[in-house]
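Note that chain A is present in both complexes that follow, paired respectively with chain B and with chain C.
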Partner chain A sequence: MSKPVIATTSLAGCFGCHMSILDIDERILQLIELVEFNKSPVDDIKTFTKPVDIGIIEGGCCNSENVEVLRSFRKNCKILISLGECAIMGGLPALRNGIPIQECLHEAYLNGPTVQLNTEKILPNDDELPMLLDKVYPCHEIVKIDYFLPGCPPRADLIWDALVALITGDPMKLPYETIKFD
Partner chain B sequence: MANLIKFKIDGVECMAEAGTYIVEAARQNGIFIPTLCNMAGLIPKGACRVCTVRINGRFMTSCTTPVTDGMEIESNSPEILDLRKSIVELLFVSGNHFCPACEKSGNCELQALGYLFQMMVPRFPYEFPKKEVDASSPKIIKDQNRCILCKRCIKSIKDEQGRSFFAFRNRGNHLEVVLDKEMGMKMTDELAEKAMRNCPVGSILVKEKGFAMPIGSRKFDKKPIGSEVQV
Partner chain C sequence: MENAINQIITNYGGRPDRLMDMLIAIQEQFGYISRGAILTLSNELGLSQVDVEQTISFYHFLSTKPRGKYAIYLNNSVVAYMFGRQAIKEAFEKETGITFGQVTPDGLIGLFDTACIGMNDQEPAAIINNKVFTRLTPYRVKEIVQYMRKGLSLDELVNESYGDGKNQHPFLKAMVSSNIRRKGMVLSDQYTMGKVIKEILPKMSPEGVIAEIKHSHIRGRGGAGFPTGFKWEFCRRAKGQKHYVVCNADEGEPGTFKDRVILTEKPELVFEGMAVAGYAIGGDEGILYLRYEYRYMKDYLEWVLQNMREQNLLGENIGGIEGFNFDIRIQFGAGAYVCGEESALLESLEGKRGEPRDKPPFPVEKGYLGQPTIINNVETFATAVRIIENGGEWFTQFGTEDSTGTKILSISGDCMFPGVYEVNWGFNVEDMLNMVGAYDVQAVQVGGPSGTLIAPNEFHRTLGYSDLSTGGSMIIFNKQRNLLKDVVLNFMEFFIDESCGSCSTCRNMPQVLRNKLLKILKGKGVRKDLDDLQAWAKVLQPSRCGLGQTAANPIVSSLKNFRHLYENLLQKDLDFDEGFDLVAAVQDSCNYVGRVPKFHH
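Right after this comes the complex of A and B.
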């Protein structure tokens, strides 16, 4: 049997969850034995090259590019995992959710106390830039998500246990110390 | 212990003094029923419904219902545990509870209930309501994003004349607990500390005092809420 294939991505996140994946320490050698990585910042593969078994999503959706990547993950992955608070509930980027998008842009580029060089009063408008969404969306409000691993970041043991459970099919132990929201 | 009566929680024989509220009677018998708005020393209100149990087929709040002789209480059945979990989830989606950025994280009772019920994701959509933060008092910050309207501060934080520092404002969906502007100016350090301690979430914070305890040594880092009760 061929190895299960894993893909990962960071949407509106800080890469802290990916750091926590690396926090499994020497078990990463075991992981390489157990699975194969496809599209992921871990191996720098940019596009899907084959069907993927487990897709791991860090971060919520704050712009059109996030939505596109998330949808491509749903299309190419059998199982999708929301990893961390940002994927689950928007996280810190979602602090802007109560504030109208125009107000956010004006604060960032026109009126904020640190704005100095924008003399022409330009808001970023290049066609290449993804469109900001009206608010930051949790991933499961955009596509179907199969599993959720909370934490900021999720504890390395929680990520490891979840991957082992998914790969072996054994039920997952959920020790109290591994489920945290911070 | 003048008037001891017998009752059952999930089939387990228990004893307590007649008239004791179920939450307290269960505690005396080593059984934990989770609560949020309830607090020792205050008249119970039954606001948060997290302590819901089933008696005679009806859902009751165990913080406001006294035990009676022969009462049979259903507390830890899958249906009731899921009901309590759904209440905690509703509280999470109806406010702005950003645990990673909250000073109370690790010491928060709402978060601890999330851990207890293994809430991986709320089943309800997030509301992300727009809420205000009142930092006008020299002593405390009142953050409406995190307030769960439990009324603990209103009932427990008072001056020598018995006047409350906090009060309800507005109605229905707009209901909020606010700090009286004038009273907030005269708040003592002791009362500010007490208000922060009594708040089950991070809605009342003493100024310049966040993140005092390191991760790992906070109240609910290693032990679940209620573990001091459960035998």
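Right after this comes the complex of A and C.
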């Protein structure tokens, strides 16, 4: 049997979840023995080159590009995992939900205390830029998500255990501490 | 203005627990509660500004912004919509040039939505400066707005005849109709005011009264059905400096209006019942907590109380019984459904946000101002008088074994004769529909939004605490009605508006469920959505009060009894669709920055 294929991406996230993936330390060598990485910032493969078994999503969706990437993950991956608070709930970026998008743009580009160089009062509108969504969406409100790994970021051990469970088919151990967050 | 506010504070003895009365008085006098008023109140009452502000923000008839010289509150209950609410809303907006939630630039007219105002048998209806206008039509709306522009007084706005019965009383002069269609022991004409207090109580001990009430097996008429005799007994036994009798007239369950009718036609019976209860528990103070929607009854009820005082039915040594002192005052809510929950009601009575308390302790031990308190429904007090008059044994011959006596039903919706019907418990739904002239019936909402939506295959069921329990609200829907879109959705919006926000379950889950329902209604639903609705509704169970615990009932009971309506709307070929619309989601931002959305497929 060929090695399971993994892809990862960071949407509206901070890459903290990816840092946590790297935080499995020397086990990353073991992981590479067990799996093959496809599209991912870890190996810098930009596009899917083959069918993928497990897609790991960090971050929610704040713009049209996030949505497109997420949909391409759903299309190319058998299993999708929402990794971390932002993918699951929207996280910090979702603080803007509830504030009209016009106000957000106004604050960010025209009127914010740190806006100094935008003397021509330009709001970014180039066709090459992703289009902002009306609010930040958690991934499962856009596509079907199979598993959720909570945390900000989820601990490296949790990520490791989840991947091992998925690859081996064994049930995942979820001791009380891993799902208790206060 | 500060003088006026100080005067209001003095009128209520400078007591912080009378904050609600003060806020209502300020709102009525000035049309809003200003920053300055809040400062004065907090200084004079020794409360923080936030204490005052959070109370104001809780009640929807209180406002920190002017609501207009004429503040129009148009009922948005299901039945209002069924009888043309949309046309009335449009007429008001057309005539005033503003939309609901706004005040005209000249400050003359404000338009606001409000939850069921207890006029389901005469919709569409609105409250304008505490006066109820029933059976509105677009023409009448045009006329009313014209009259307002001419500066006519509130009385001059009325060109309808007054309603039936006591609604014509000089202190009431309401265009509201009582519509009593069936009388039983409570609404009976055989009641003689004061007979129980003057002729029967002198021969009975307080314990004897409680024994008689217990023997009757009467249970609370507000909906929860707690045995009244036990409640009175627990309270009598509880230690405290003072015992209180509170009458719950915060009739907020959409579709119920029988308390309004009882208080209009038989207020003496209710007040006498409160006095009987005072005698039984050893209390000398009674409070009628009346919903603000019934503010138009204030002068009339005050007159009735005064009349009873003059006849020695209230006051000191009443009915000639040495040491039997009891008087009643009226205190108002300010628009909050949750205040019908007894501990929330107590919070409101004490001038605070109407958030339910943790229980225990129950009000019979620690109620109003921390003292033993009984809280009973209007109908319960009225019924208690007939029990003491005729005996507990007599009472048990009416109704069924576990539900003795009669129940007053508020029946509205698709029927020939909406109104108030007093029936024996054990009445079945089929008979009820035939009684009111309801044909081609698709469904009946029993007990209001927090109750059950039943289908014709359950019309054999009977009204009673062990089968179909109800506080009295019965709304009938014929086969032309769209149950999910027009009924269930309206009920969910109601719970979302009325949640006090204290429990996260009740603050959030009804919105999640409502959004799923909207998704299904848009044709974006999949089978999993139905499973989610059912599973997630259970999250509400641990909520602190009945509002939260029943807030999913519109969805749960329609899903159980009308599942096919949901299934017909589902996408059969998909097992996942979250209903996300990328084109719609980028619309606003693209418009604002001035670019044309482009999509790669």
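One rule holds in what follows: the second predicted complex is superposed on the first by the 178 of 182 C-alpha atoms of A that agree within 3 Å, B and C clash if a C-alpha of one lies under 4 Å from a C-alpha of the other, contacts with A are read in each partner's own complex, and residues count from 1 in each chain.
Heads up, the rule we're going with is that contacts are C-beta pairs under 8 Å (C-beta built on N, C-alpha and C of every residue); 3 or more make two chains touch, one makes a residue touch a chain.
Computed from a prediction, not measured in an experiment: that's the story for all the values here.
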Should the pairing of chain B and chain C on chain A count as a clash or a fit in the superposition?
clash
What is the contact status of A:Tyr176 with respect to chain B (first) and chain C (second): first, second, both, or neither?
first
Chain B versus chain C as contact partner of A:His140, first or second or both or neither:
both
State whether A:Asp53 touches chain B only (first), chain C only (second), both chains, or neither.
neither
Is A:Leu92 touching anything from chain B or chain C once the two structures are fitted on A? First, second, both or neither.
first
As a test of reading the superposition: which chain, chain B or chain C, is in touch with more residues of chain A?
B
Contacts for A:Leu105 in the overlay, against chain B (first) and chain C (second): which applies, first, second, both or neither?
second
In the overlaid three-chain picture, which partner chain does A:Cys152 touch, first (chain B) or second (chain C), both, or neither?
first
Is A:Leu123 in contact with chain B, with chain C, with both, or with neither (first, second, both, neither)?
second
Counting only touches as set out at the top, which of chain B and chain C does A:Asp161 meet: first, second, both, neither?
neither
Chain A positions within both the chain B interface and the chain C interface are 135, 140-141
Spell out the residues on chain B that touch chain A in their complex, using ranges where they run on.
92, 96, 98-102, 105-106, 111, 114-115, 118-122, 125-126, 128-131, 215, 221-224
Partner chain A, residues of chain C touching it in the complex
576, 578, 580, 582, 584-590, 592-595, 597-600
If you look only at chain A, which of its residues touch chain B in the complex?
82, 85, 88-92, 94-95, 97-99, 135, 138, 140-141, 145, 147-150, 152, 174, 176-177, 179-182
Okay, in this complex, where on chain A does chain C touch?
64, 67-68, 100-102, 105, 123-127, 131-135, 137, 140-144
